[in-house]
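Below is one structure, written out as structure tokens, with a few remarks after it.
For clarity, chains are labelled A, B, C and D in written order, and residue numbers in each chain start from 1.
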Amino acid sequence: MVRDVTLSEAELRRIDQKVWDRYPGGDPAEFRDAVDFHESLPAEKQFARVLEGAEDVLTQPRAGVPLLDDQIELLDTLVRDGNADLLPTTIDSYTRDNAYEEAREGLNRSRETGTDELNGFPAVNHGVERCQRLIEATDAPVQVRHGTPDARLLAAVTLAGGFQSFEGGPITYNLPYTSKYDLAETIEYWQYVDRLAGAYTEQGIRINREPFGPLTGTLVPPSISIAICLIEGLLAATQGVRSITLGYGQVGNLVQDVAAIRAMEALGREFLPREVTVTTVFHQWMGGFPRDEARAHGVIGLGSVTAAMAEPDKIITKSPQEARGVPTAEANAAGLRETDQLLRMLEDQDIVLDGVDREQELIERSVRSLIGAVQDAGNGDIARGTVRAFDRGLLDVPFPPSEAAAGDVLPARDDDGRVRLLKSGELAIPDDVVETHQARLEERAVAEGRDPSFRMVADDVSAISNGRLVGRPEEN
Amino acid sequence: MVRDVTLSEAELRRIDQKVWDRYPGGDPAEFRDAVDFHESLPAEKQFARVLEGAEDVLTQPRAGVPLLDDQIELLDTLVRDGNADLLPTTIDSYTRDNAYEEAREGLNRSRETGTDELNGFPAVNHGVERCQRLIEATDAPVQVRHGTPDARLLAAVTLAGGFQSFEGGPITYNLPYTSKYDLAETIEYWQYVDRLAGAYTEQGIRINREPFGPLTGTLVPPSISIAICLIEGLLAATQGVRSITLGYGQVGNLVQDVAAIRAMEALGREFLPREVTVTTVFHQWMGGFPRDEARAHGVIGLGSVTAAMAEPDKIITKSPQEARGVPTAEANAAGLRETDQLLRMLEDQDIVLDGVDREQELIERSVRSLIGAVQDAGNGDIARGTVRAFDRGLLDVPFPPSEAAAGDVLPARDDDGRVRLLKSGELAIPDDVVETHQARLEERAVAEGRDPSFRMVADDVSAISNGRLVGRPEEN
Amino acid sequence: MSGPTIVVGTIGSDAHVIGVTLLEHALREAGFEVRNLGAQTPAEEFAAAADEVDANAVLVSSLYGHAEQDCEGLHETLAEVSADPVTYIGGNLAVGQTEFETVRRRFREMGFDRVFESETDIDAVVEVLRTEFGTDEQVSQPVTRVSS
Amino acid sequence: MSGPTIVVGTIGSDAHVIGVTLLEHALREAGFEVRNLGAQTPAEEFAAAADEVDANAVLVSSLYGHAEQDCEGLHETLAEVSADPVTYIGGNLAVGQTEFETVRRRFREMGFDRVFESETDIDAVVEVLRTEFGTDEQVSQPVTRVSS
């Protein structure tokens, strides 16, 4: 069974070989050449360095198109028209499914027709050299963003290709994104990814790794996000990763969001080994958006104001076209500019919210309890503990497409709009915290004159796209 | 010289006659008929009632086009596509200048060409009956918004025409809007307007009056806005007005804006007679906007978040096209929808900011001192005191186009982005408050390594349109 | 008393399950029998499930933009089984910023009986299904209280 | 030492004075002599002032959308006085959402030597005027410290 131990040099080389076997580009990249390429990059393209050294909140969009030149042009637009500080390269769905044959077809068709026949950049098919060309052609650090449960070849190619940051992890790129993988399986895959990042790190190329904190994007209780990010951080650290960005998706309640970022920072420092540099990322609202662009601007605005108060190291922006489909470059840049305007208008202001401490304390205690349960379940081994904890529902995620999570927790908002646990299943959080959650939901139920039920959850899920935070019953 | 006493029945009748003499529509309206029309209006069109009875922050745009049908259609769009709670009718510039001949020409040309040849609705030329048709055709209460120093005929026509709220006042529609009128003159004009509103009020038609708090819209220190609104409120109350909405324009610093609204509410209750119902209005940023619509959405977003925290009774919205010109109906509705989205996402949240009390105390003490100075200058008569106080610079406004204000105060932002007095001239605020302001500006000057100067003011004036709040010198 | 039987699921490689999760619960509450196939369900599995439960309706959800490819062959496979359900599709069906009427036409041609916009709210779906099967408010069960 | 003389003001019924206020100060700081006519200045007053101070440049500001009407006759009146200033106009000149190039052409035809977009920042204006009159950085005076 999977265990949280550093892969040996030999194991790394063995997996490496197997992984590169599937590389459509022919020969595997030479590790030494890859390191040389990284070493040739100027300071302003070194992801970890830029992120960790920044004074203000950095902005980063999501964006990916099939063709190399188009991707360069798209990233250029996002820097020029959107003031993006950090850049993404979002990978297409076929590559995420390891369907490189289909990705190649899509790529070819895109070249022939001149239209985008893939929903992202097929980095594996482009291959190492073309990735390096992308990195050379852009003016800011670039991160691989995807959603790939088995991202081994993608990591091997893109890290050799000069990318210095790689999103995802065994839990966060499994449970929300697929129904097809066991956790034990993806943990193994990501041990390779992390070990590879560790190998670069040992050569002085500090690859940044970023768990995908928002998970299913929909009313995820902060403690669950944070606990899972910490676990992925611990697993990555074991493999030698030294730059880790913990992630969290906005829930929409200002106090809870600020408390969550604060808790994440504090717990990151507490739980991760001293040699790891921990940073944080805040995602603007990841659930259903209003279709109307003006209203979407409002949602983006609230995310930006929250970030200005919570001061994470970076913010991932949304576009006003979120509900409609993949945004145009212009709409993507618009989301960045609105965010930039708000961050800068608020950056000089010292804003302290009442009640953050109390909420932060609730979150921190829940996280400690969840991590404790994982450690116990694995008899001290966090990898094994993760598999077992999810199996027993001690750790769980709301609305998982995957059967690897019990899916027994059900979140709803309390009367103040904070995300609470309506159903907590076997979730390993302290009893008094569960009681507090229940009490808050009862308050709301009383205010609304109805029982807490799935209908309340459904109303909350759709509330923001319907123009509000809490899904109250229609007034008569 | 002008004095703060209630106009007698006889005086009202005398001025009334003189005023209606200029009415292009022929015979003056009968007061009794006008009251009958008002009485025929359903509760949901009664401005004061809707505003004073509301639980949530109400939204209201600005909007006016020359033709009656177009204006009805425009207001309809703003309700349908913008969810506006309260409606405006913005008056054209010729009417504001009492140039009814030119307004008539513009109206005729608009009819002929089918394009808008005036920048607002020429209510006087349309006349009483067509105003009543407007009121009948719309689904929400409608207010007259303008900027007319001598608004006597406009008030006579529109109040008879069924409007139940009238913006402006002798100071707030003089100093920022014109260079041509003495204060003594405009105070006299507005005594008639207020007395007329009072006469309706005595018949059970509570006409709402709203001083234009934002003044020149540009870095106006809260204490100045509030003091001037209170003075206009007192003058209106003397004439029998019983529904007064004090106004304030966002400065962009969250704590200062929340403190200002709180102070305005508290001082309104303290200074205005018990029989007056006081409400408050918050204007989204009234200074220079960014030309870029995405950035403008950011500015509108911050205003909306501020309103959600400060909870004024209503908010006047801007559109993303503010910097470009009069907005299209669609852009105007977009501003409303973004605002609505944010107000509703935040309405359930209980948000308390640190440091509001301290800022509120500074504002309140300054306002008390300003009003005290006006009372002293007038030997207890607030009308006379206003004229003298402005004459001596005891009360003053930054950037006035008018010579009726000394224009000796110069505002700038401190290091936290709060508006402070860089030059306070003869302004009657307590010495220790002046010192606090100066000290805060010194802090900023030190942080920026430059002396406080007009350059700092100029940088601050342009900062928001350039993407930030505080006009820092370029970093090297 | 048991109402008409409905199969719901997200087709293809699509993992967006929030929509179908809400649908499942709402339909249950409204008295329907529901079989939720969850995420990333191949077209054949919809047919197999419809056959197995003798479904009255099959509700296909797709959010990620590949609905057209993923639904290829669905109606052909359904034709082979004994059940004869009406078929609905909903979610985010347009690729890019296509007009909804164009999208609806395309999916109608592929055999879907009804095509829903992404703004569709759950109550509307329940309403349409009630009308479809002539069931009325009476079948609806009281909202069940959830507690942990 | 005194630099070229400049008349600034807001024309017509326009009361937007923030722009000219900033211009006035910036030009003074840069060593120009400035006469600020303030708000709501009739075209004739620009000419009279230009005559009186023998202006090298007249800077007209308009924000509220009626610049075209308000500037009618300005250049004719200026032609009658002895001063022969260059004329600039700036602010918000377009009515509605007109392209700036169209606007520029229109005002050039009316006689303005330079036409400025509303994004124009003050330093740029100062720069252009310096180039126009061959004055250089040297005339610039130190920023004066303001205190109450």
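List of remarks:
Definition applied: a contact is a pair of C-beta atoms (placed from the backbone, for glycine too) under 8 Å apart; a residue touches a chain by one contact, two chains touch by 3 or more.
Here the structure is a predicted model, which is why all the values come from computation and not from measurement.
Apart from subunit B, the touch network of the chains falls into the groups A, C | D. Annotation: 46 Å between the Cα-based centres of subunit A and subunit B. Rounded to a whole number, the gap between the C-alpha centres of subunit C and subunit D is 67 angstrom. The geometric centre of subunit B is 30 Å away from that of subunit D, both derived from CA atoms. The distance from the centre of subunit A to the centre of subunit D, each centre being the mean of the chain's C-alpha atoms, comes to 53 Å. Residue positions of subunit C touching 2 or more other chains: there are none. With touch defined as above, subunit A holds no residue shared between interfaces to two or more other chains.
Every pair of chains meeting the contact definition is listed here: A-B, A-C, B-D. For subunit D in complex with subunit B, the residues that touch the partner chain are 10, 13, 15-18, 21-22, 25-26, 29, 38-40, 64-66, 92, 94-97, 118-119, 121-122, 143-148.
Residues 93, 97, 119, 176-180, 216, 218, 287-288, 291, 321, 323-326, 399-402, 410, 421-425, 434, 438, 450-455, 458, 461-462, 466 of subunit A touch subunit C in their complex. Considering their complex, residues 252-255, 290, 292-295, 297-302, 304-305, 333-335, 337-342, 344-355, 415-417, 464, 467-470 of subunit A touch subunit B.
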